[in-house]
Every structure is written in structure tokens, then in C-alpha cells.
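In the part that follows, the structures are each spelled out as C-alpha cells.
Note that chain A is present in both complexes that follow, paired respectively with chain B and with chain C.
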Partner chain A sequence: MQIDITPGDVTVAAISGSVDSLTAEQLMQALGKAVSDNQVRLVADFSEVVYTSSAGLRALLATLKDARRQGGDFRLAGVQPAVLRVLELSGFTSILKLYGDVGSAVASFDAELQ
Partner chain B sequence: MNRLSITRTATLDNLPELLAAADQACERAGASREVRDAVRLAVEEVSVNVITHGYAEGEPGPITLELDWERCPMTIEIADRARRFNPDTLPAPSLDAAWEDRPIGGLGWHLVRQMVDEVRYRPDPECGNHLTLVKHIHP
Partner chain C sequence: MTPPPSAKARKRIALVIGSGSVKCAAAIGIQSVLKREGFELDMVVGCSAGAIYAAVMAAGHDAALAAEMTKRLWTKEVANRRNTRALLQTVAPRWLRFDKATFGLRDDRVILQRLKSVFGDMRIEDLPTPLHIAATDLANGEQVVLSSGPVVDAVRASIALPFAFSPWRIGDKLLIDGFLSDPMPIGVAIRQGANVIVAAGFESPYQSSIHSAGRFAFQLSAIMSNNLFKSNYAFHSLAHHSEIIPIIPRFEERVRLFDTDKIPYIIEAGERAAEEQLPYLRALMQQSEEPAEHA
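What follows is the complex of A and B.
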């Protein structure tokens, strides 16, 4: 798994590979650091994520809680069918906002400011 | 022979080998990508539970993964010598709760049940656990 974080008004974390029990801790720490650096308007680009297990779900939920408690939000973009299935089966699609691509996810934050 | 078996010490370092065995069995069985992901996910969740909870007290012991696709459905046997744990005793997770009320974790076994067609548990007569997961490869 690789993570590439681009800070900004809306911070984008591009993630690729598998988010599993071996890699989820790294993801949780990277996203947790972004939130603690006050990058609480956060988008994860999941278009290159091919697999997630419950370890990945833990990282997503922890980040979501951190960001919202600090007045921001954590949103996903480009989730692929295999990962979407796991999110749906776990009831995560009702608490996480999902967008087709990064542009739409970033724009959703901008729209809220207007 | 349409059977693959691997025994390793139950540590996270050995998880990739267990997952690779699951992938290899599915590939040899001609499973679709979706089925392969499902089997991999089930094997990961069960193995990590054994690694992090089963052997939490004391030294890690063995975990054996045995996949058999001689007939459909495929059977996936996972055995350990860890403390007894019957997954049937777990409460169902709350999937409708608001984000504030969701606990972080507790979804692993829920996902296992979603990924396979049947889960059978029996405690080993001496010590440890024996799980059988059943998965239709060609639905």
C-alpha cells in the first residue's frame, strides 16, 4: 500500500494497493497525522485501492470520527466495486460520504463554504 | 491434488504466506476475482483473530490453513491451539448506528459470515479451535 498526501484547503490522500491487517496501521497513522495537523477537510482517493478488510474499516472510522469531532469531515472518492461491497456490508455507506472522483469530493467541501 | 495445506506460527509476519495460500488455491480452482477476494478476506479475518486474540496470552502457537477444492463447494479449514473461541457467541454488530455510536472494530466476524456460505465451529477435544468455512466457487 502507498499513501501520498497533498495538503490544501481540502487535503487529498491518494491511497493505492491493499488496505489490510498489515497496512491499515500505516494508513491510520498517516490520516491521523493529517487530522492532528488541522487538515480536517480530508478526502481519500480510493480509486487505486483494490482490497480492504476490517482493519481498513477501523482506520476509516477512526479518521472519520477524528475529523468530524474537529469540525471537518473525511470523504471517500473513486471507491472500486470490491471495496464498495465491503463498505456496504459493514454499513459504512450510511455514515461515510462517497463521491465518484476526487474532483467531486473536493468540490463538495467548497460548496459547503458558499 | 486439489488440496493445499500450510502450517505456520500464528504471527502477523506469517500472514502474507497464509493469504498467498488462499489466493493460490482460488486461482487453481478457477475462482473469479470476486470469490478470491472473499476467500482472502475470510482467511485474513479469522487468522488475525487467532494471531491477536487467540494467542494474546503467552507465546504464539501454530495455525493451520487447509483449502480443499476437489469438489464444489470449497472447504477452508483453519485450526489453532489457542484459547477456546466460539464465534457463534459474538453479538451481531450494529450496522445502522450513527457514526458517533459506532465502535471502532468488531466487524471482522461479521465480514467472514458475509464472505462465505457456511461457518462451522468445533472446539478441539484437547485444546484449540477448528473452523470450517464453506464457499461455493462456481455459483
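What follows is the complex of A and C.
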């Protein structure tokens, strides 16, 4: 798994590969650091994520709770069908905001400020 | 007592087969891929139709035989014969003395006979692979896990589809279909100490048209079952300390309740879905059980 974080008003984390038991810790640390650096408006670009498992879900939930606890949010963009299926089955689509692409996800934060 | 280091290092694998009628045959494909790759199952868990497949696998039958046995077992004939008394009881419950223990609109003699022909006097505790079958207590809706006793009784209880087949008594409990408490009983595998849980689950299909009370009931059942499936899956995914690998086969063709002629196709779909998870499963099994997983 690769994580490439671009800080900004809305921080974008481009993730590629699998979010699973082997990589979840790395993801949590990277996103956790962003949140602790006050980058609490976070978008994860999931367009290159091919798989997520229960460990991945736990990492996403931990990040979501961290970001919201500090007044921000954690949103996903470009989720691919196989990953979307797992998010739907686990009910995550009812608590996470999903967008078709990064631009829409970033714009959703800006829209809320207006 | 602290287990020895070698026991700590080895991850225990469970295959969980949820409800899903004939679609559960996909588990045969999953099992054969796991076996081919040398992943030995430490336990098999099943409910509803998944209990049939779980029991066949735990008994040690290979994929071809398992397919053949389940094909013989699950055909339209098992639900062909009506239970007229139960039907009349729905109209005149007092007059005909409605009895919850025997209420089922389909006569269960054929399915019972077939279960006996496949499993005979086998007992769960004697099977080569540990087996846990989940059913539901009619009195309070709680999940009841059957880990010993006659296989036939456990499977019959777990497939007691409401309205279709009557509940099944084991001990002092009247048991009904396992899907009513959890359509994909991952929690059983967690409780039994599994680390890596390969979970084959199937959502109930929704009705394409609803033009009878029966279809209306099926639709309600599917809605409740699917919502329960999702909420339990979410809870177990977040609660488990290690890994749950969902294997949700994709079926391009519609698979109906008794489409046993589609079993080879369903098994292939299970194989394909399992193949997709193999690289990850291999990497996961090579990794020792470490605290780092406590995400």
C-alpha cells in the first residue's frame, strides 16, 4: 500500500493497494498524524484502492472518529466497486460521506463553509 | 495457562458459511481453493443452508462428493408436499389447536429423510474438522450454537425456515432457522478463537414482483435478514482482533432457491472469489500473530 498525503485546507491522502491487516497500521499512523497536525478536514482518494478487509474498516473508523472528534471530517473519493461492496455490507456507507472523485469531496467541505 | 510460542504463532482459520440456499454451494469452491493452497481449516461454522455445506465439509468430503451430496439433498421435492394441517391452522388456530412446535406449511419428512441418508448417525463432536452450527431459539430469538450432538438434528434445526418448515426441538429448546439471529455467524468463529475468518455470505434476493401474501412475506424476510446481515457484519468487523475476509461471490445469473442444476456454476463463482483473496491470505498467514493487528 502507498500513501501520499497532500496537506491543505482540505488534506488529501492518495492511497493505493490494499487496506487490510498488513497495511492498516501504516494507514492509521499516517492519517492519525495528519489529524494530530490539525489537518482534520481529510479526503482519502480511494480510486487506486483495490481491497479492504475488517482491519481496513477499523482503520477507517478510527480516522473518522478522530477527525470528527476534532471538528473535522474524513471523506472518501473514487471508491471502486469491490471496496464499495464491503463498505455497503458493513454499513459504512451510512456513516461515511462518499464522493465520485477527489474534486467533489474537497468541494463538499468548501460548500459547507459558505 | 499460556500457550507455547508455536501455538501462538499459528493463526487459526475458520470458514463461515452464511444463509443463502443453493448459493451456499459457493463454499465448496472456496474450500477446494483453500485446500489446494494448503490452508487447513480449524473449524467450519454454518447456518441455514450454509449448515448443510458446513457439515458436509466438516465430515471431510472432497469438493466433488460434497457437490454431489448437496445436489441430491436439496431439490424441489423437499418442499413439494404441503402440510395441510398447518395450512388450516393458520385459518382456524383455536379450533385446530395451533401448535408452534409443529407449525410449518411444508411437510418436512423428505428433507429429514435426505439429511439422514447423507449424515446418518454422525455426531458433530466426532467429525474430523470442528463444526459449529448456528440456529435460533424460538422463545427469545437468541442464537444457539450446536457444537455437539447428532448432525441431522443440528442441520434440521438450522434450516427451519419460518413458515416453511416447523421448528426443531433439541433439549428444552425449540429451534428455528439460524439466519434469524445472524445470517452470517462470524461471531461464533470469533468466540471459538479463530484468527483469520473466511466468511462466505449472501444477501437474500428481493422479489421482482409481489403479487401474493407469500411473496410479500419473503420480501419482508429479505429486508430484515439483509439489514441484520449488514449490522452484524459491521459489528464483527470492528470487534474482531484479527482479520475477517469476506468472500461474496458474484452471480451474473439469477440463482433461485432450488436451482441445484446451477451448483457447478455456483462452485466456480466461489472458486473465483476465493482465488481473488489468495495473495492476501498467503501474506496474512505468513505473518505471525502480533499485537500490531490491534487496530
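A few comments on the model shown:
Note that in this section the second predicted complex is superposed on the first by the 114 of 114 C-alpha atoms of A that agree within 3 Å, B and C clash if a C-alpha of one lies under 4 Å from a C-alpha of the other, contacts with A are read in each partner's own complex, and residues count from 1 in each chain.
Rule of thumb we're sticking to: a contact is a pair of C-beta atoms (placed from the backbone, for glycine too) under 8 Å apart; a residue touches a chain by one contact, two chains touch by 3 or more.
Fair warning: this is a prediction, and the values are worked out from it, not measured in the lab.
In the superposition on chain A, contact of A:K65 is made with chain B only, not with chain C.
When the shared chain is aligned, chain B and chain C each come close enough to touch A:L89.
Of the two partner chains, chain B and chain C are each touched by A:D20.
Within the superposed three-chain model, A:K33 lies out of touch with both chain B and chain C [touch as defined at top].
Using the contact criterion defined above for the overlaid structures, shared-chain residue A:A55 touches chain B and also reaches chain C. Chain A residues 20-22, 51, 53-55, 57-58, 61-62, 86, 89-91 lie at the interface with chain B in one structure and with chain C in the other. The part of chain B that touches chain A in the complex is made up of residues 12, 15-16, 19, 33-34, 37, 40-41, 44-45, 48, 93-100, 102, 104-105, 107-108, 110-111, 114. Chain A contributes residues 18, 20-22, 24-25, 28, 51, 53-55, 57-59, 61-62, 85-86, 88-92 to its touches with chain C in the complex. Across the complex, chain B is touched by residues 20-22, 51, 53-55, 57-58, 61-62, 64-65, 68, 82, 86, 89-91, 94-95 of chain A. Within the complex formed with chain A, the residues of chain C that make contact are 201, 229-231, 233-234, 236-238, 240, 242-246, 248, 280, 283-284, 287, 292-293, 295.
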